[in-house]
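We just call them A, B, C and D in the order they show up, numbering each chain from 1.
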Amino acid sequence: MIDIQSMRDNRNIDIDRVGIKNIKYPITVGDRNNGHQHTIADVNMYVDLPRQFKGTHMSRFVEALNIYRGEIDISKFEEMLRFIKKKLKADKAHLEFYFPFFISKKAPVTGSEGMIDYRCSFRGAINGDDEIDLVIGIEAPVTSLCPCSKEISDYGAHNQRSIISLSYRSNEFIWIEDIIEMVESCASSEIYSLLKRQDEKYVTEKAYDNPAFVEDIVRNVTVKMMEDKRILWFTVESENFESIHNHSAYAFVEKDKRISKKAEDIINAGAGMNLTSVYRR
Amino acid sequence: MIDIQSMRDNRNIDIDRVGIKNIKYPITVGDRNNGHQHTIADVNMYVDLPRQFKGTHMSRFVEALNIYRGEIDISKFEEMLRFIKKKLKADKAHLEFYFPFFISKKAPVTGSEGMIDYRCSFRGAINGDDEIDLVIGIEAPVTSLCPCSKEISDYGAHNQRSIISLSYRSNEFIWIEDIIEMVESCASSEIYSLLKRQDEKYVTEKAYDNPAFVEDIVRNVTVKMMEDKRILWFTVESENFESIHNHSAYAFVEKDKRISKKAEDIINAGAGMNLTSVYRR
Amino acid sequence: MIDIQSMRDNRNIDIDRVGIKNIKYPITVGDRNNGHQHTIADVNMYVDLPRQFKGTHMSRFVEALNIYRGEIDISKFEEMLRFIKKKLKADKAHLEFYFPFFISKKAPVTGSEGMIDYRCSFRGAINGDDEIDLVIGIEAPVTSLCPCSKEISDYGAHNQRSIISLSYRSNEFIWIEDIIEMVESCASSEIYSLLKRQDEKYVTEKAYDNPAFVEDIVRNVTVKMMEDKRILWFTVESENFESIHNHSAYAFVEKDKRISKKAEDIINAGAGMNLTSVYRR
Amino acid sequence: MIDIQSMRDNRNIDIDRVGIKNIKYPITVGDRNNGHQHTIADVNMYVDLPRQFKGTHMSRFVEALNIYRGEIDISKFEEMLRFIKKKLKADKAHLEFYFPFFISKKAPVTGSEGMIDYRCSFRGAINGDDEIDLVIGIEAPVTSLCPCSKEISDYGAHNQRSIISLSYRSNEFIWIEDIIEMVESCASSEIYSLLKRQDEKYVTEKAYDNPAFVEDIVRNVTVKMMEDKRILWFTVESENFESIHNHSAYAFVEKDKRISKKAEDIINAGAGMNLTSVYRR
């Protein structure tokens, strides 16, 4: 049977990424308290394709997934990147898992337990020199209470659910749970799935005692990430689903500790405009 | 060219609804202040298909849309239902428009203006006797502030954005804007897109002065709808995107003023279980 | 601490459903081949609230979920409905789980295995007489190939991914996998996650040999469901994401085997218009 | 009334972007045939915030939107960026509009007209030197037909709806409609909203005559964009919603004509790893 994909292409165009997108797959991931947990991932898998080939072999991505789905943790993730690169005969490979991660949390006063879901991701790439780049992402729902509303009002203060999104590169393994705890401490209050009345009083008053603008939340996270020597690079965003508006308040910070400010300026100057890195797609 | 759709089918099965779904279309709808406004609808259009025919003629739905898109208001909506029924040679026809509707609102103290979007819908059907049934839907974002949190806490109270969804059948024309105003008055506070500081103080204090459970919101709307003689039937839902949880609080009420309680009991008894009407798909 | 929820309400309005919506939870469900599988559900839980009470006790829903999440199967589902009704001191209760369900499928020629995800649901209610109503839903992605396009074209035929959605009530337990197999056989071809070239040839030719309009798909499913004595009531929909349009083709059939056509007419007549049951929200 | 936002912050952290996100707004955009068209945008508006300030003034973004919504075209877009930067007393500003854009297309044989919606975007930034960077995005739904399936099968070939997403920077104004036409010509066939039988025969055979892998589609677009001297930089993606799978095939190419390959290598080397630019959030 003819192999169309392996035929020659004459357009002289390398493809940066080609593969499969949005395949749902049951996986297990490492879990600080229980060893591992079962979850379900949306998976993207890509390789580069040199100019001389017409197509890649898509079924091999699913074969790789079949082999590794049993336990996806960071060490396996790197092995999986190497495997895809080799199996697809590629120079570069990309692998992305997006999945809900559950943590059982105790209510602050009664200790009642409930599960909270955090949207997490492992996204990684391997290049021609077999160097691996791994970015881990977490999204933590929290409460934010507006400092301006509190200050100017005789009573009350508008508050709302916010999502803090953190992506990071690190120089050593960190439990997702540890990162989530650091991030949750940066808002007006944590959220819970199960709160009895004494707990509800506690979180209400805690949020009122800790007002935070969307700017404060990303700055609080930035301070923690700058202090943590394991973190090499990070971006943090907060989106506050304002209770008094039908739109969100939003803030974003990116920090790269690997390069000096001076080197950053040279690189940006080299690209012509530092604006260009904002929109990459 | 052969017309496969008009060929005979032998499976002896009538199809309740067949047509096109999720076609995006620019439309204009009636507007209390400006005569009409431009918006964009997600449109579904269906007819029934008698057992003897193999298929319907899908392109005719788009032709009908081309004719009527200029101005979609309630009188045109009924005309359009009749047109589709005739053009598709059907016994019944269904038409559904889902669209954002914009209202310019003034901030409560400074009067600063801003646009708020409300997700609205016109959904209708015509039957074999040419009777027309029209349901109008609106979704209003509001602020809800928790009465329990306010009562048990020494200060503050958790609040959040909520969406109130109302669907209704009426015996006369009602401006969407009038319905939205009635619904918005049933929550702890309205929301706005543009609030200066004096306005923010006002809405913060107003919400604190008007705590409302999700149950209170649907009951407040129910009281208003029961009193309004133009409303024949309605359902009201409120979904509160809790600021202290990662899930929603929710409540739902349905009332049909056209039939007596006694008649309702007979009908439900006739169906064997009144449970069965809950899940229709 | 004051219990606001238990206070008296004077608006004289019963609430049909009140509870929590869209809480994500890890659950296990029964699995024909492996006993059970781990998955993640979006859960809704409601009770009715009599007119005299101001509010329901939301935290009790999460407590119920904590107890039963270990194994959600149909027998447990009924027990859980009874538990919620009792724990919330309610007359009626509703419970809804929406979750991806995975089946390992073998490619038709090479037998290569891959996982396919099916969106499934358990939705149920218990009423004042402790009668339980349970509706099971499955969504199966399939290939549909247009009979008209095949017939009128000298070569080729447009085809696309379709989603067949089936909801049913039954008088005995049926494996989800069995239902899914019945539904998948009603389209032009099944789909797979892993296909080698020989498999791709097979499914391409199979789809071309089995053209099916959206009308054919729902009729094929209807025939199978009418023949299966375990099925008491069902609705079937197919949405074809047309490869030649930017909208979907759609068809829908509902059949209730529990009531005679005559009884149905009486019930509909009693309600004034048989149209009114189309739009319930 | 106290201005909390203008108070001093001591954490010494500049914020890259702060503002409002996902506000829906009716806008008008330029249209090649009709001068302009009405549509509805999801809008994001951000500025940077220097370390010394506690917060930005969110209401000013909505005020800017109120002023400019009348006509959003590229010249106004640049004026609007300058206005926001000045009004918010910022050093940098960002503005993003995402909106459906409608084009009336004639069916290829009968000439029957129908509207197709294309998801488009204007995204731009202004920096401290008042330089403006503008990226325009379009998403075109098309048909793709698999060359491998066609070649190995005795008859038929699987095909499906695909979305081609193109983002570009240009050195002069280009009509969105012109870009969309170039992109649509790179797939197996264009799609239409209204096709009569003769048209359906035409598009079925055209797709079969022009098989294209996801790799071919992005390469075809790349060839056109490399040839067009107005285009300075672009990314192109294609996502094929495979009719034989429940996942997508995907390919991506990025080209920057402004910098030589050598300069690109130096820049990437300066950043330590060329991998790091893949994941920026």
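Note that in this section a residue touches a chain if its C-beta (ideal position, glycine included) is under 8 Å from a C-beta of that chain, and two chains touch if they have at least 3 such contacts.
This is a predicted model, so every value here is computed, not measured.
Novice: Taking shared residue numbers divided by all residue numbers at the interface, is the value for subunit A and subunit D over half (same) or under half (different)?
Specialist: Same, since over half the interface numbering is common to both chains.
Novice: Quick one: which chain's Cα centre is the longest way from subunit C's?
Specialist: Between subunit C and every other chain, the largest centroid distance is to D.
Novice: With centres defined as the mean C-alpha position, give me the subunit A-subunit C separation in Å.
Specialist: 32
Novice: Between subunit B and subunit C, what is the gap in Å from one C-alpha centre to the other?
Specialist: Roughly 23 Å separates the two chain centres.
Novice: Taking each residue of subunit A in turn, which ones touch at least two of the other chains?
Specialist: 1, 23-24, 117, 148, 152, 193, 195, 197, 201, 245-247
Novice: How are the chains arranged in terms of who touches whom: line, ring, star, complete or other?
Specialist: It is complete, because no pair of chains fails to touch.
Novice: What does subunit C use to touch subunit B in their complex?
Specialist: 1-2, 4-5, 9, 11, 13-24, 44, 46, 49, 54-56, 58, 94, 123, 125, 127, 131, 133, 135, 147-148, 151-152, 165, 167, 169, 213-216, 218-220, 222-223, 233, 235, 237, 239, 245-254, 258-259, 263, 266-267, 270-281
Novice: For subunit B, which residues count as touching subunit D in their complex?
Specialist: By the definition above, subunit B touches subunit D via 1, 3, 23-26, 37-40, 59, 62-63, 66, 100, 102, 112-115, 117, 193-198, 201.
Novice: Using the touch rule from the top, collect the residues of subunit D that touch subunit C in their complex.
Specialist: Contact set of subunit D toward subunit C: 116-117, 141, 143, 145-146, 148-149, 152-161, 189, 191-193, 195, 197, 200-201, 203-205, 207-208, 241-247.
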